[in-house]
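Structures given as structure tokens follow.
Look at the two complexes coming up: subunit A is in both, with subunit B in one and subunit C in the other.
Moving on to the complex of A and B:
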């Protein structure tokens, strides 16, 4: 007779196996950290990609895992950016402390904002998330004595990271700093999505009513994950403000929310590396297209979105399904 | 004060005509179309060019804008939108944002990013004032014209939806497409016509609003939130809901910008979030909040 302990292990085994680190992941991260050494001239690019990857992953937590459609995730990104920049300008220039403060404040904002996404349909949620982002944008625009309004917040001077590494002009320190934060938060997120808590999120994503019926506290789960996602988006924003020494209104703009949505969709939702892959593809595309047609980048991004949806998001990453005559499940 | 109220009503009426097409596609067909503003922009630009380049009189431009955008809407519906109806909302959002982005950048490429103005005919430019002091009511003739046109449209729309055979077919197709097609209603054609009419109305609204709202290539993104507010707050089960919401929004926006200009659009967004938290299905719905 099998004991309950062994049966428990039996159904846990595949879940545990899923959560285990794969060898290629170590290689990937090692390669990422080596990039600023190998291509010093592309350090700024690496830094940017790390930041938007973090941002995309935070959106994945709510969109891909929990199924909350958000059109205003830039609210938290921008809030984190302004928080970090203002903290560095007025309180103290240490980046690590500033990052922690920005994350804490963004989490607080996320907690408050999570009240708005609990009820209603997808449309309601789109509207309130979009509204929140626009509200903050309007606020940042109008409070020009604090944020510099449309001119952006200038004169942010950052101290050295941990008191040791100065930010240099080529962005190597910045790249490593952002990559380190990305890795740390990635480990945290990886842990979250593979935990039983993460499994309940997927249950909510698949069928909210059923999740409720099997005893998942849906509202509490949604509040928690929204807060976590807001905190991580805030961290990404803070990194941007700290490494560029600048915060302007475009960190809160609608384009940013749309861009991050696109990145996530390119890379694939419901998969943390999707954010990374999407960020890399998106940034490289942006770099290439805006050198070809600087002004009309928006047109191409629109075209990509339309084609992506027409082809089917799920099929994009699986080229072998492209010519199957629509045998999609 | 009355003047502000009057301007607010005119603005709200305009928003209603712009957004009613969205209310139909979104509420009746359950399709989130963020590119709706692009149709309005098309209407506005058609008017601008017809007047400037071809010298078409303003009044003739309005039906022209309606017909051309409706045609464009019909073509796009058939080619691009129809496969999207059954898709998840995320796909629809991505798809229509993509279309809006393409419209914005494409127009920028062909026309340039400067703001376009239309020259109103002489008889619409004047202004009539009634009363004095706090009760001074200054009515721009153009705004009177807008209110009249929009009120007429509302009545006609309501009549079409509730009194005609097409209206009942549409409602049937929305309630249950399968049963409706089983009863011999060609659901695809009904949806096509509805979408075209909605786009056409947006184009008409854009033509009417070119003077007040200003026409430049960022129009679809700038006013997207306003259209969505009208629909989300008004609820999508009737035509009166969006009308009320549009009037409320128009008056709140004009009054807000007049009395507390420092707050800008802040009040509107805040109001929307509060209303949607209070009643997620919209203010004027039959079903009420869940």
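Moving on to the complex of A and C:
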């Protein structure tokens, strides 16, 4: 190739800059881990938010980064939850081993299910992912000898984390356990999205035709990331089952797939912290609104969503730009 | 074009050979028994009126479409049934008539990705894009060569049209093509940004075989050493530019009135 390989500028630094950890990230994570100490009574809430944040991030891998839409991501969340609960009940109560098993099984399910999302349009993907989740939901309902059916899977007793930390009533161990898993998997996802592999995902998201034309094996990449996203969603489900000692049909329900999509829309797609932000905002809103108007809280969530999409997140977060007539802030 | 270069190219080995390509969509025959040969270093133009089947032929060659009949060989290997990305790995690269870019990325990220893909690094999921110094340098060199250094860190969607067009070609060259299909490279480029693009096309590496699909006759006749004329999906004729310009049938169906003065 006659192209000169000589360049006078440093092109590596600007490329690497995006992958570098920012100071606020360390602050954020330190604060998250401090929460169960500072507000012990809110540990259950912290635990729940950590779990749904992980779930939302796993959806972002396929939706925000790769452009694979899904209305049935709860299939993997629920599958992981049942896998972890059944493992604890019938095999052994160790949470870490159970988590690894649930992740592996969810990954396997994701690998199998990935054949359904390779072909067709976004609309077909919405339908097949929705269908897959509904299939699993009915299966869990029907196999009541195994899953407990509509009553849920009861009598799950978890052992201490790493044989050291018993789950306590206030949920502090649960919160730290979930936060630790969240952080570990977040680090993995952060590496993925900034890697050359992650760049191929963004290429597929932006322009599938061109991704093919530069030699990216598009189908193989979609299978891989769908499997990874399923595994991480399964981890989130497993955390829920393990920290609550319970798995019921709602882990597979359509609401769960829809909620996680809402969280991503609220927090922003194609940005891992969007899942965290969305999970926090959604859960706090849900908590607050359902105590103010127990029956109609979904109305307010709906209103917020409509505003968010119509007005745009950027402008909603910058009230001073509302009446400026498009003036640059 | 001097006769020396022409005879050189005619002695060079064949890198791309299409034989008897047929493509039918339902009752319509979009490509009708087309055969085509490209030698190493060729500057081959594919012309024909709108609807002649140029785009279908490009899609067949690159693997976007699978032909109803016929075969395609690249560097002596049959690639007829290979997927587009597998053909890219073997050196068959194209640009698009309508820009097909990664809008949310920057030119720097785009080229770093393409170079990483070219070097087989895109299975890496732990190290950051650009952690290979060789990748960053090659991406940077391409940015400078294609006059994209000053906009390297702007999002592609915010670039001027001429810059986007340059990036379109830079991406293709970053794939290190053996055969490059240029689909109307200057289409829609405003006059002010045109020169930069034409110079880039003229400076393409000499060992790369180029198939140029173009409407602009100035560009075709200044660039090509061989031409193929398609009409209604079938091959009308093939030859050196002066032969094509002198061909009465070509004048009639394509060049129209008075346009044949070139060559």
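In this section, the second predicted complex is superposed on the first by the 299 of 329 C-alpha atoms of A that agree within 3 Å, B and C clash if a C-alpha of one lies under 4 Å from a C-alpha of the other, contacts with A are read in each partner's own complex, and residues count from 1 in each chain.
Convention: contacts are C-beta pairs under 8 Å (C-beta built on N, C-alpha and C of every residue); 3 or more make two chains touch, one makes a residue touch a chain.
Nothing here was measured: the structure is a model prediction, and the numbers come from that model.
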Item to complete: Kindly classify A:266 by the partners it touches after superposition: subunit B alone (first), subunit C alone (second), both, or neither?
Response: neither
Practice prompt. For A:175, decide between first (touching subunit B), second (touching subunit C), both and neither.
Written response: neither
Discussion item. For A:203 in the superposed arrangement: first (subunit B), second (subunit C), both or neither?
Written reply: second
Fill in: Which of subunit B and subunit C A:46 touches, first, second, both or neither
neither
Item to complete: Could you say whether A:158 touches subunit B, subunit C, both of them, or neither, answering first, second, both or neither?
Response: neither
Discussion item. Quick check for you: in the superposed arrangement, does A:223 touch first (subunit B), second (subunit C), both or neither?
Written reply: neither
Discussion item. Touch test for A:69: subunit B only (first), subunit C only (second), both, or neither?
Written reply: first
Practice prompt. Return first, second, both or neither, reflecting whether A:85 touches subunit B, subunit C, both chains, or no partner chain.
Written response: neither
Discussion item. Between subunit B and subunit C, whom does A:235 touch in the aligned arrangement: first, second, both, or neither?
Written reply: neither
Practice prompt. State the interface residues of subunit C toward subunit A in the complex, per the touch definition above.
Written response: 62, 64, 83-85, 88-89, 93-94, 96, 100-105, 108-109, 112-114, 116-118, 121-131, 133, 136-145, 149, 152-153, 171, 173-176, 205-207
Fill in: Complex interface listing, subunit A residues touching subunit C
1-7, 9, 11-12, 14-16, 18-19, 191-192, 194-200, 202-203, 205-207, 209-218, 270
Worksheet item: Given the complex with subunit B, which residues does subunit A contribute to the contact?
Response: 63, 69, 71, 115-116, 119-124, 126-128, 130-132, 134-135, 138-139, 141-142, 254, 258, 261-262, 265, 295-306, 308-310, 313
Response to the item:
As the complex stands, subunit B meets subunit A at residues 26, 32, 80, 83-84, 87, 89-91, 93-95, 97-106, 108-109, 221, 225, 228-229, 231-232, 262-266, 269-270, 272-273, 276-277, 280-281, 289-290
